[in-house]
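Both complexes shown next keep subunit A, but they swap its partner, so subunit B is in the first and subunit C is in the second.
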Partner chain A sequence: MRGRRKPLPPWGTIISLALFGLCAVLPLSWMFLESFFPDGSFGLDAWRNILATETERLQLLHSLILGLCATLFAVLLGSGLAWATFRTDLPGRRLLGPAGLLCLLYPPIVTAMAFADLSSAKGLPVVALLLAVSHAPFCIALTARGLRSVDGRYYEAALLARGRLRAELLLLRAVLPDILAGALLVFVFVLSNHGVPEFFSVKQKTWFVYSEAIFLRWSAPGKPGSLRSAEAVASSVPLLLLTGLVLYFCLKARRRGALVTVTSEFRPLPSRSLGIWKGPLFVFALVLPALGLALPTLRMCLWAAGSTANFGVSLEKALDSFRRVLVELSPDLGKTLGLASLAGLLVCALGLPLAWASVRRKRPWIEALGLLPMAVPGILLGIAFVRAWNAPHSPLRALYETPVLCVAGYGTRFLPLGILALANALRRFPASFDEAGVLAGAGFLRRFARIHLPLLLPSLVSVWILAYILGLRELDLAVILPPANDMVARRLANIVHFGNEDVGGALAVLLCFGAGLPLLLRILLTGRAGEAAS
Partner chain B sequence: MSLSTEGLLFRHPGFRLGPLDFTQRSGRLVVIGPSGSGKTTFLRLCAGLERPEEGRILFDGRELSGPSTFVPPARRNIGFVFQGLALWPHMRVREQIRFAARCSIETAEAWLDRVGLHGFGKRLPGELSGGEAQRVALARALAARPRLLLLDEPLRSVDPHRRADLQALIRDLCRELDIPMLAVTHDPEEALGLGDEICVLEDGRIRVQDGAAEICRNPRSAFAASFLLGASLLPLESRDGKVHSPFGSWPAPNGSGRVFLALLPGDLEPAGEGPIATVRDRREGLRGPVLEVELSGVRLLVPARDEERPATVALRLRGTPRLVTGGDGG
Partner chain C sequence: MRTIHAVLGALLLLASCGKEAGLVAYIATDQHTSERIVRLFEQRTGIKVRARYDTEANKTVGLVTALVEEADNPRADVFWNNEIVHTIRLMGQHVFRVHDWPTAADIPDRYKCPGGHYVGFAARARILIVNTEKLKDPGERPSSMWDLCDPRFKGKAAMARPLTGTTLTHVAALYATLGEEKARAFLDGMKKNEVYFAKSNGAVMRIVAGKDGPAFGFTDTDDFNVARRKGFPVLAVYPDQDGIGTFVIPNTVALVKGGPHPENARKFADFLVSREVEEILAASPSAQIPLHPDAKAPDQVRPFSSFKAAEWDPVKTAETMDRILPELRKRFGR
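Up next, the complex of A and B:
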C-alpha cells in the first residue's frame, strides 16, 4: 500500500499514435522528403515553380472562390434547415432534418451527374451549389448540435430582458462556433474535391481548380513517378497552408462548441411559431433534400429504367439493370461496403484512444496532429500512401496491393472527423464520472467497459456510420490507390463516362441503399430518428 | 481514525491552498468557506484525485500522500460523494451500488432500503429527484464500507424541507458504520447541522477550527463570525492592552489583526441609556418587529419595543461580548 506506484504507460495511446504515425505522419513526411530528392539527389526544382504561372494562380483563386461559394450555400441550406427543424414548428420537421442529412449518402459525383442530366448549366455557381448540397449535412449536424447544447433558460432570460431580436442574436452568437465549424469542414472538403469540377470539365468547363492541377501534375505522362510526386507535393503547398489554417480555426471553434455536460440541469430551447412564414420556410426546407436526395435518387432510378437509351422507361429494364449490377458488380459492391466498414472501424479504434489522450490526459496537441490527414487534399494523401508504401525497400510494400492499403488510406482520411467527434463526446462527460469509478477501486478496463463505453457507444456508432458513408463516397483515394480502383465511386464515374448509364444508375441507388442501411438500422434500434441521424 | 495534514500545499495558476496543518478531532468534520476558498480541492487532495505540491496527508497515522509516498485513489478505500453526484447516467440505481461495492443485487437493494429508497433499484439517475439522487450517491459511497467518507456540498441539490432528514441520515449512517466523515460546504446551516467540528477556510487557509458549539459561542475569527454565524462586526479600538467599544472596554484578545465585536441578532436591545444608534428602518421579523439601526457605520438589527419608529435608539449589549480578530472584518 505504501510507496509511489509507477503508473502504467498509456499503451492504448502509444499504440494508436504509432499506427497514426504509420498511416499519416510517415507517408506524408516521406512524400515531402522525397520531393527534395526527385531524381535521387537533392534538388529544389519542383519547389521553385510554386504558383509561378498565371494559370496556377488563377486555379488557386478559382478554388478559393469555389470553396467560399460552396460554404456559403452549405451554411445557408444546411444551418438554415437545422434552425428551421430544430427551433420552429415547421410542419414535417422530424422528417425534414434527417432527410437533409441523408444528402450525405450519395457521392458528390452522383449528385453532379444527376444535375448535369437535368440541366446544361456548368458555371462555377452550379458546381458550388452541388458541392454545397453534398456537404451541407456537416452544417446541419453541427448547427443542430449547437442548438441542442444551448440551455433554453439563457434564451428566455435574453427574451425577457431585451426582446425577441436580441434573444435570437444571442442564440446566434452561442451557436456560431458550431456553424463556423461546419462551414470550415465544408470549405476543406470542397477545396480538396477534384471529382466534381473535373466532371464538369467533360461538359466543356472552361475554368479549373487547384486540386485538379495537383492531380494533373501527378498523372502527367512521360515523367518518372518521383518527379511527378515531387511536383504534385510542391504545387500542393499553397492549398495545404490554406486548409491547415482553416482547420486550425475549425478546431478552435469545435472546442468552444462544447457548452454543456450531460449532468447539467438543462432546459431545451423553446420552439418558435412561424406563423405566416410556415409555407415559405417549408419550401426552403425542401430544397436541400430535393437537390441532394430526391433528385439523384429519381435520376438514377430513371437511368436504371433506361431513360437514356431511347427505348423508353420500363420497370423490366430497371429490374434488369439492378440484376446486372448484382451479378456483374457484386464483388466490387461487396468490397466497397466491406472496406468502408473496416475503415470506419479503424477510425473508431484509432480515434477513441487519440481523443481520450487529447481530452482526458490533457494532450491537446494530439487532436491538432490528428487533423493532419484532413489538411492534406485527398489526392495528395493518396500520393503519399503510394510513395511510402510502394517505396523499393519499404516493409509495407508487401501490403501495397492488398485491401489493407485501402483501409489504412480511407481510415486515415476520415480519422480527423472521428477524433473531433469523440473528443467532443468525451468533453461532455465530467471527469468525476471516471473519478467515481477510480474511488470505487475499479481498474481502467472495468471503468472503460462499464462506464465509458456505454456512454460513448452512441458517439462511436455515429463516427463509424460517418466514416463508412464518407468511405463509400470517396473518389480521390479511389482514383489514386491501386487496390481501390474498383471501389464503387470510381466504377460509377467510369461506367457513366463510357455511356452505361443504366448500370450506373442502378449501382448508384444500391450504393445509396448500402450507405443508408446502418443509419436505418440505428434509427430502428434506437427509435430516435433525429439523434441517430446526427 | 482521523485525517491530518502537515504543511499541505497545492498550487495552480491563480490559486493556492495551504500550507495546511490540520487534524480531524471528531468523527464528523465540516470544512466551510466561500466559493473559491479551496474546499473541493482539499477534498480531492484527501481522496488522491489531486497530488499535493508539498506536505503530507495522513489517515489513521498512515501516510496517504507525502514527499515519497502517493497511495493511488483506488487503494485509499475512501467513499466520495461528488458535488454533481457523478451518478453514471446509463446505469440503473442498483447497478451503481453493485459497481462500487462489487456486491449482489440483494445487498444493493438492502443499501437502497437503508437510505429510504425501497424499490428504486431499477430506476435510472435521470428518473430521480435531487434528494433521491443524493441518497443513491450516498449509498454508493458507503456500500463499499470505506474507511473515510468525503462529501462535497452534500445537501446542495436537496429541497430545504428535506435537508434535515438527509442530514440525520448521513449522521446516523456514519455512526452506525463507524465511518468518519469530512464534508465541505459553503452553507452555514448545513455545516452546523452536519458537523461536530467546524473548520473555516478562507483563501486557501484555515482561519479557525473548533467544535461546532464552541465556534458558535466564540468564533475567534472575524471571517468565521461573519461567514458562519452571519454576525455584524463592530470595529474596536485597541489601546493599552484593552479594546474599547461604545458598550465598554475589555482585555484585548489573543490573535493578530484588528479586533471586532461580533454581534448577532439578539445581542443588542434597546435600553434607557447607552450608545445612541440611528434608526434606518423598521420591519417585521420572524420573532416580532425589528429595527435596523446604524452604529459606528455598521448596520445592526435590534428588537423594536413599540409600534413607532424612533429616529434614534439607545442600545445595551446582552451577555458576554464575542471578540474576534481578523484582517478587515470581511
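Up next, the complex of A and C:
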C-alpha cells in the first residue's frame, strides 16, 4: 500500500502572487502612499480636493448615468442576441451569434468615428448606444455560457409541471448571474472610457465623464511626490471605489453562476420555435453586428478608398492604402500582434494559479485582490509601472525599455478577466474528479495534466483570446509604457489625428482582421459563439 | 507550471530583443512626417535613433508624463514637441539642459529660450479656415477672431474646446496678451454667438470643409492644409492683421538633462532646427511655416515674413494657463 504523499508547496501560486504583487500591488500602493506626503511632508491636501468642484461631481454623475444606460443597452442587445441565437430557431443563428461577438474587435473610438460619419447625432443616447455596442460581446458570451450550462432536463421538467411561463422564469433565474456578470463587466469598461464621450460632446450636448477629468489632470503632471502629482493620483479614487464596488458584485455574481455540472447525462436546452416573431427578431439580431462590425468595416474601407477627401472614392486608392499599410507598417503590426499574444499568455499563466488558489485552496481574497488592475484607470497603472520599473535602484531597470515591460503591463491590466473566467471554470468541475485521481494515487501534477488541464483548456484559450483582443485595443498603456509605443492602437490614433484617414482606415481593418483571426478560428473549430469567449 | 516556464522563457527572450540605440528621441509631432526626418538623420550620421511618439487623441499625456516621471533616471535624449507651452512647463521642472543652438542663430529671438533650454522652429499659425462655398462673397468673410462673436456669423463659426493642444495655448495666450477681462469677453461672446465647440482642430476642419455645419472656424495651418490637399473648397484667413496679429505656435526641441547619449542628442537637436529640416517640414503634408528667414517653402506655405504675427510671451502664457485651466474646465468641461 502506498503511503500518503507529502503535498507540494503551491509554487505556482507563490510565484504568480509574487509577480502580481511586484507588477501591480506594490507600485500602486506606493503611489497612493506617496500621495499622503506631497512635497516631502505628511498632508491631506491632495485628498481634500477630491470631488471638490461642482464640475467634477457632475462628471462623476455623468459617468454613472452613462454606465447605467450603456449597460442597459448592452444587456438588451447582447443578452437578447445570445438568447435569440442559442434558444430559438432564428434563421442564420449560427452566423449572427459569432458576428455579434466580433463587435469586440474594433476599438470603441473606431466604431464612434464610423458612426459620426453617418449621423450628426450627439449626446448621451449616442454615446451610450455606441459604448454598449462595443462592449455587448461580454453580455453575449456570458449569457450564452449561462444558457449552455443549464441542463435541459430541468427545464423540460419545469415545463411539464409548471407551464411555459414558470419554466422560462426558472431559466432566467438560472442564467441571471451570468447576465449580471456580463452587465457589470460592461459597466466597468464604460466607466473607464473617455474617448467616445469626448468625441460626441459638442455645444449643448456635452457629456463629459470623470475618466476624462482624470486624464486631463495627467496632461499637466507635477513631479513624482509633488502636490500636483498627488492630486492626480487621489483624483482617481472615486472611480476606483466605484469600479471596485461593481467588480465586487461581479465577483459575487460569478460565484453564484456556478450552476453547471459536467456529467454524461447533461442535455442542452431545447430550441424554441419563434413562429411569427421570426422576422422581427431577425431584424433585432442584425442590429448589433450591423452597428459594431459591418458599419465600422464599411466606413474604414471607404476611408481607405479616399472618402474623407473631396475627390471621390476609388478601388485603386483603397488598394494603395492597404499596400502602404502593409509595406510601411507591417513591422509595427507584427510586433503588436506578437506582444498582445504574449500578454494573453501571461494572463493565462498568472491567472490560472491565482484562480486555482482562490477556488481550490479557498483563498477568495486572491480573486478580489486580482481585480485591482481593472479598477484603476489605465493611465495610473501605466505610471505606476514607469515609477516601479525606472526607479534608480529598481532591479527591473534593465527591462524598462524592453518588450517585457509591455507584456507585463498589458498582462497585468487584463489579468482580472483571466482570474474571473478561470475561477469560474474551476468552480464548474466537481471535486469528485480530483478525488478520483487522488484515490488512484496520482500526484498533483499528474492530476492537473490529466484531469484539470483538458477540462480547462477551452477556458484558457478563451481567456487568451480575450486578453489578446483587449491588448490590441488598449490605448492608455500604449502612450505611457515606452515599448508599447509601437502598438498599432496608438499609431492609429496618431494617423487619424493628423488627417491621414486613408491609411488609418486600412490599418483599422487590418487590425480588426488580426484581432479576429484567433476568435474566428475558435468559432470555426467549436462552432459555438458563446464558447469562444466565455 | 509548464506554461509558466514557457512564458518566463519567452519573457527572458524578449528582454534581450531591445535594440541598442545611439539616441532616444521623444517626438510629439506627426509620426508620419517626423519618421522621414529621423531616417534622414540616421542615414547622414549612422546614429541609430529610437523614437517614441505620442498621440493628441490622449491629450498628449504620454511623453510629457514620461519625461516628468523619468526625470530622476532619464531615458530620453531629445524632446521634439509640436508646441511650446508644455516645453516651458517641463523646463520649469528642470527636465532640460542648456545648449548653444548654433544652427538656430537666425530664428527670431522670441521663439528661443533666453537661457538656451529650447528653440522653436517650424511653426503652425492659428488661422481661420473658411469654406468658400458656404461664404461665397469675399466681402462677407471673416477677418478677425472677433468675428466669431459677431451676430452676422451667429451659428456659423466653430472652434475646438480650449482644454488641450494648440487651442488651449491660443486661449491662454489671449488671456496673457489681451488681459483676462477681454479674453473672457471673447469666450462669452462666442458662447452667445452659438459657436460650435468641437473635439479638436481636426474636427473643426472637417466640419467646416463638409457640406453642412459652420462656414468657418479657428484651426491650425497643418489641419487647414489637410483640407486643402483633400480638395475641399477652403481658404485660410490669417486673422487680425490690422490688430494683434495671427498667433504662431512653433515646434520646440530641447535636450533632456542627464540623457544617456548627450553628444548624439546635440547633433540631432542641431539637425532638427536647421534650415534643411524646416524646408522638409514646409514641404510635408503638415506644411509647417519655416522660421529661418531664407528657408524655401512651397507656394501653399505662407512665409513668416508675409504676415503680422502676434507678439505673445510663451513663458507668461504657460503661467497663465496653469491659472486659467480650472476656469476653462468649468466653462467647457461639463
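We adopt the following convention: the second predicted complex is superposed on the first by the 495 of 534 C-alpha atoms of A that agree within 3 Å, B and C clash if a C-alpha of one lies under 4 Å from a C-alpha of the other, contacts with A are read in each partner's own complex, and residues count from 1 in each chain.
Here, a residue touches a chain if its C-beta (ideal position, glycine included) is under 8 Å from a C-beta of that chain, and two chains touch if they have at least 3 such contacts.
What you see is a predicted model; the values in this text were computed from it and never measured.
Engineer: Which touches a greater number of subunit A residues, subunit B or subunit C?
Structural biologist: C
Engineer: In the superposed arrangement, which partner chain does A:322 touch: subunit B (first), subunit C (second), both, or neither?
Structural biologist: After superposition on chain A, A:322 lies in contact with neither partner.
Engineer: Using the superposition on chain A described above, determine whether A:138 touches subunit B (first), subunit C (second), both, or neither.
Structural biologist: Neither partner.
Engineer: On the A-aligned overlay, A:349 touches which partner chain: subunit B = first, subunit C = second, or both, or neither?
Structural biologist: second
Engineer: After superposition on the shared chain, which partner residues are touched by A:410: those of subunit B (first), subunit C (second), both, or neither?
Structural biologist: neither
Engineer: Using the touch definition from the top, say if A:468 reaches subunit B (first), subunit C (second), both or neither.
Structural biologist: Touch status of A:468: no partner.
Engineer: Which partner does A:440 contact after superposing on A: first (subunit B), second (subunit C), both, neither?
Structural biologist: A:440 contacts subunit B only, not subunit C.
Engineer: Quick one: classify A:189 as touching subunit B (first), subunit C (second), both or neither.
Structural biologist: A:189: touches no partner chain.
Engineer: Mind working out whether A:218 is in touch with subunit B, subunit C, both or neither, as first, second, both or neither?
Structural biologist: After superposing on A, A:218 lies in contact with subunit C but is clear of subunit B.
Engineer: Quick one: which bits of subunit A touch subunit B in the complex? Just the residue numbers, please.
Structural biologist: Those residues of subunit A that touch subunit B are 1-5, 262-263, 430, 432-433, 435-443, 450-451, 454-455.
Engineer: Please give the residue numbers of subunit B that touch subunit A in the complex, ascending.
Structural biologist: Touch residues, subunit B against subunit A: 47, 49, 62-63, 68-80, 82-86, 88-91, 99-101, 140, 144.
Engineer: Within the complex, which stretch of subunit C touches subunit A?
Structural biologist: It is residues 1, 3-4, 6-7, 10-11, 14-18, 30-33, 50, 52-62, 64-66, 68-73, 75, 86, 89, 93, 163-164, 194, 196-200, 202, 205-206, 209, 212-213, 222-223, 226, 229-233, 285-286, 322, 325-326, 329-330, 333-334 of subunit C that touch subunit A.
Engineer: Write out the stretch or stretches of subunit A touching subunit C in their complex.
Structural biologist: Touch residues, subunit A against subunit C: 11-12, 15-16, 53-55, 58-59, 109, 120, 195, 198-199, 201-203, 206, 208, 212-213, 215-216, 218-224, 229, 308-311, 342, 345-346, 348-349, 352-353, 379, 383, 386-387, 390-392, 397-404, 407-408, 445, 475-476, 479-480, 482-483, 485, 490-491, 493-500, 503.
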